[in-house]
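Let me begin by handing over the structure; questions about it come next.
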């Protein structure tokens, strides 16, 4: 039972991680808690449903379409709502992000109604037994897709030039520009990647839990954000670790009988971790040099 | 003129920082820009690099206007800057900072060789190469900012107070490096509080006061000018 | 005085204005923490709920007078503010924000599972003792107190912490004590506001105090102008009334509300009255015109 | 200063008779977490108003539904109630579909002497608030014991798992009723799990329950989570059936659960069962389907419809649209035929709806399995 | 023989593998101007950070007026009588010049938030004394006329002077100045020098880090030289100028 619960936790954690990556990347570069990110994830899930039901597409095509749509959406939001605020106080874009989030959520409620929509089965139910653990096909697919995407991302950020440009831009736009970096493009790129990962998360979660709803972005977004901070916000491996950690901790917490306090588990853990590691599990400690 | 600034007007909100500045650098020259605090020296350099949009006026490089160009494109034209206040990437290591300087270059092998050259010039940086730049001492950061600008192999190098916060020996060192890279073919526009040193290596100089050029001429002539001596050389 | 109000206001307006006053009190509390001291708090709703439930229990279960219940609510919130503040206020910036967000969620879950508060069923039957008169008087008192704090030794130390913590400490400010005090006062006001809220609505439910309510208050103060007392009042007024004024567009109401937030922020990135200080208004000085791009200090 | 408790005379004319239409307010959410219930309730209300107006209106006037959204927020719930009463001068309010906001709105309605008819509140402590407060729902306190008896005697369940949605007051209340009834009937509760409305992942809870191997699952929350829970249960290879309250009654239950909810049972005071429905109900179902792309109505729309109709009938009976007068008529309602069942208001205004329908999911549809009578 | 105001006893600090300050011994006599010079990265600013409690030393002891201060929090050290300026200016940008200086008076006054709200006569009097003391400090640095400007709007040189004024307002016995003349032109440096002399005449001890040798040599009573965290020389300006080790490590051929 324990190993089974851990597997459940890892699957849940993998989806948290996918969303958390977007938070962490955007935070890493413009120090913005992008509250609209949860809504992008929600839109991604709906695009997935649309592709599967209306356009009768398979998983891969639907996933791809959702990622593309959200890529455009994320980049547009940045351009319209955050870019004009790039040089103002830290909290200004945060408020703008909350505004965007309210807008998208109510728009979606209006378009498609407040009811959740079922996600049609795109993957046949199948259970495999590995020792004492039962793993479903859906779980396997989620784990494969999530880890592939994360590896790809890690590669881009670590080894491709733009990754370094992201770090430079995150510190100082002007000086980054003086290095020949097109800061606007780098930021757009960050939103593009982050948003498409969230979309992938949305589709996978939709398949895993069989449902999507206009409100699904709120709590998932919050949890994922929590995961990003837990791992050390700004750190990509941190987001992955934080997501998995949170998913497993939450699942085990429920299994251990703390189900009443499920939502509190994640946050209690978070506070405890922060007290001992004030910048998260993998966050770089803040250097105090004067 | 290789780089020419014509009748530049810049303001920060209500504050008018430049009121019609004109100056220029010929190929191969070192030109010094001196003036009191707040005269507009930094503003001039930042406008050339495209970080500030002027109200009016023109900046041309090899006859082409830079006014509408975004900063990263200006860099790829060959104009680099050592910004005021060092502005190193504090959360990146010394080595990574240098690599950022070479961002627009694609010749990996030569970049490596150039990093070696920078280390040879500033051995202190090599000792600290894995340290986060934010924890360097003030002077070490200044060396890093200088090394980083050299990494882009600029045609024109704009330098904003490169000697600030450096130990005396290093000040001399920095000026001889500036001369050296100039001799190797880089054109230099130098902003300095240390007018004494600046005038000694520059061929020409401009004196800026409250957003206007009040004096211009050969550096050696200006060094002898009594007004300049009194105000900027402290003699 | 209630008679006077009701002679020219109908019950709907009285309800809306009373609620607005309650919000202003809580917003001023958050402003002291975030706007003045610069400490991000994403958990203000938790302190409001602590105050609301405490006050409700005092008047409903312990039959205490309204005034006692209100003060008890404020003190209980302040107590938890201090308890949370001690370990967490050494966190910087967003990490502190997250810790307070987490605290807010924990408080909500605890209320959801507590029997004395009725858990998920909520707590009903609280007497409706909050009146517009009481709220107006309290708002006036709080504004007056905040204005005095702003121009005091204590208030200056808070602003210094916001501007540069290290420099403040090096100048002899005990930053821990100052931050905790600010946090306690801010939480007290949240609790006070919660008590009023409970005795206006007569019914409390933990789901009403989720993180989105905390962000609502953050929005009030940022849009109004962080650190500016008139700004906070204006921001709260506009945003708290907007949902009511926007009723005429019916189904598009919340959509427009979201857009409004984005547009107002872009038009006035420092908030509607950012940088406006009440003391300067009183002194009839000209409003400071500073460029929004200018950074603090010059390091 | 206790001024807030006195009824205020604003110098404004408060007698509704002066208006051209008879206004009934809708109190509910069109946005936010409770929107699903509010939107359905409103649909039912509008259909009722249309039916009444098409039939010539009430006392020669038309009925008008004033709709306001409170965005699922308590504070706005209070202002909306106040606005409906003070500015729109409604004679009655239908809503809120949830117990919480009903409890919040009821004192305001009571103080202002406006009838409030909740079309969804099932928790305790609602009608006690005052004599202007009504509801037209099937009370769980009545249904849960009847159903418990049924599952023990007819289905032969000896041990069950109970799942509660902790942030749903309805679910928390119902679970308590069920647990009491289960204990009283000697059915063992082998596992207790909790979820929250809006959750989508139930893997941990199901894994935990599966270990206890219960005969059935009693789930007291709403249809969305119910469907997903069963999906997860089947995914993990559990075979037990689910039984729940009318919170499960919606097509969404099948949409969410698909195959997995086959055989699941629930009780309801309303079933969109065209085959067995009475004339009135059949017409309602037809009309609803016509306006909603063939989707079947749920209990919220049916109860919203009935609420308006109940009020209308009381107004006709009293021959007055002044709440003071028709309130008394409303309280006398007895064996009233609505689309959601037969309603009688007891002495204390608590409704008795009979019978309790036990429905079962069969081939992706709700079908009547049995009925249990209520005294 | 004047008293020793500050003693550093074998003070060392390591950052990871780097020993930034290495077994430094230093004594400063009351009422003097002591300079600390050395190449970039020698550890000068770090010594200031150690004295003011920003970093705790890895080993060694720092005593102020005979009392051990290492391990104390910065605000307590300031309260005991040590004030400082920063190499990278750290003003309270959105506060006025006067308010910046008033913060300096914080540790010499005591009204809390209750006092702030009630504003008793005692509190009012205290507030008045804060303003007076602050204006005095501003006068010393010749910034009185700028008191209502926002600190961030001052030109660079004035910002540096404001930092000193703010430090003076803490009523220190010892004041640490980290590169106070950096970024100033010769004229401004001249004014600054006379101000520092004025401060000295107010019975304060000054500990100064600066790279401008003309400035250092003409102001200081004694100079210590640091290189790679170690003290390599100590003496009067005249002695230091001639010290071959110092010339090699720091001064170079520029003989001042």
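Should a chain be cited, it is by its letter among A, B, C, D and E, assigned in written order, with residues numbered from 1 in that chain.
Note that a contact is a pair of C-beta atoms (placed from the backbone, for glycine too) under 8 Å apart; a residue touches a chain by one contact, two chains touch by 3 or more.
Here the structure is a predicted model, which means the values were calculated and not measured.
A comparison of the A-D and C-E interfaces places the larger number of contacting C-beta pairs at C-E. Chain centres were defined as the mean of their Cα atoms; on that basis the chain farthest from chain B turns out to be D.
Chain C and chain E, compared by their mean Cα positions, are separated by 40 Å. If you average the Cα atoms of chain A and of chain B, the two centres end up 42 Å apart.
Annotation: 36 Å between the Cα-based centres of chain C and chain D. One finds 73 Å separating the Cα centroids of chain D and chain E.
Counting partner chains per residue, chain B has residues 135 touching two or more of them. Looking at chain E, one finds that residues 45, 54, 86-88, 90, 156 touch two or more other chains.
Residue numbers of chain A whose C-beta contacts span two or more other chains: 106, 218, 260, 262-263, 288, 290. Per the touch definition, chain E reaches chain C in the complex via residues 52, 54, 73-75, 78-79, 83-84, 86, 88-95, 99, 102-109, 111-113, 115-117, 119, 123, 126-127, 130, 150-153, 156, 159, 166-167, 170. Residues 1, 4-5, 8-9, 11-12, 106, 109, 113-118, 121, 125, 127, 134, 136, 138, 205, 208-211, 213, 215-216, 218-219, 250-252, 254-255, 259-260, 262-263 of chain A are the ones touching chain D in the complex.
Chain D meets chain C in the complex at residues 1-5, 8, 10-12, 30-31, 33, 67-69, 71, 73-76, 78-79, 82-83, 85-87, 99-100, 103-104, 107, 112, 123-125, 129, 166-169, 171-173. Across the interface of their complex, chain A is touched by residues 34, 87-88, 90-95, 97-99, 101-103, 105-106, 108-110, 112-113, 166, 211-212, 215, 218-219, 222-223, 226, 251-252, 254-255, 257-262, 265-266, 269-270, 292-293 of chain C.
For chain A in complex with chain C, the residues that touch the partner chain are 27, 31, 33, 35, 80-81, 84-85, 87-96, 98-104, 106-107, 110, 218, 222, 225-226, 229, 233, 260-264, 266-268, 270-271, 274-275, 278-280, 286, 288, 290.
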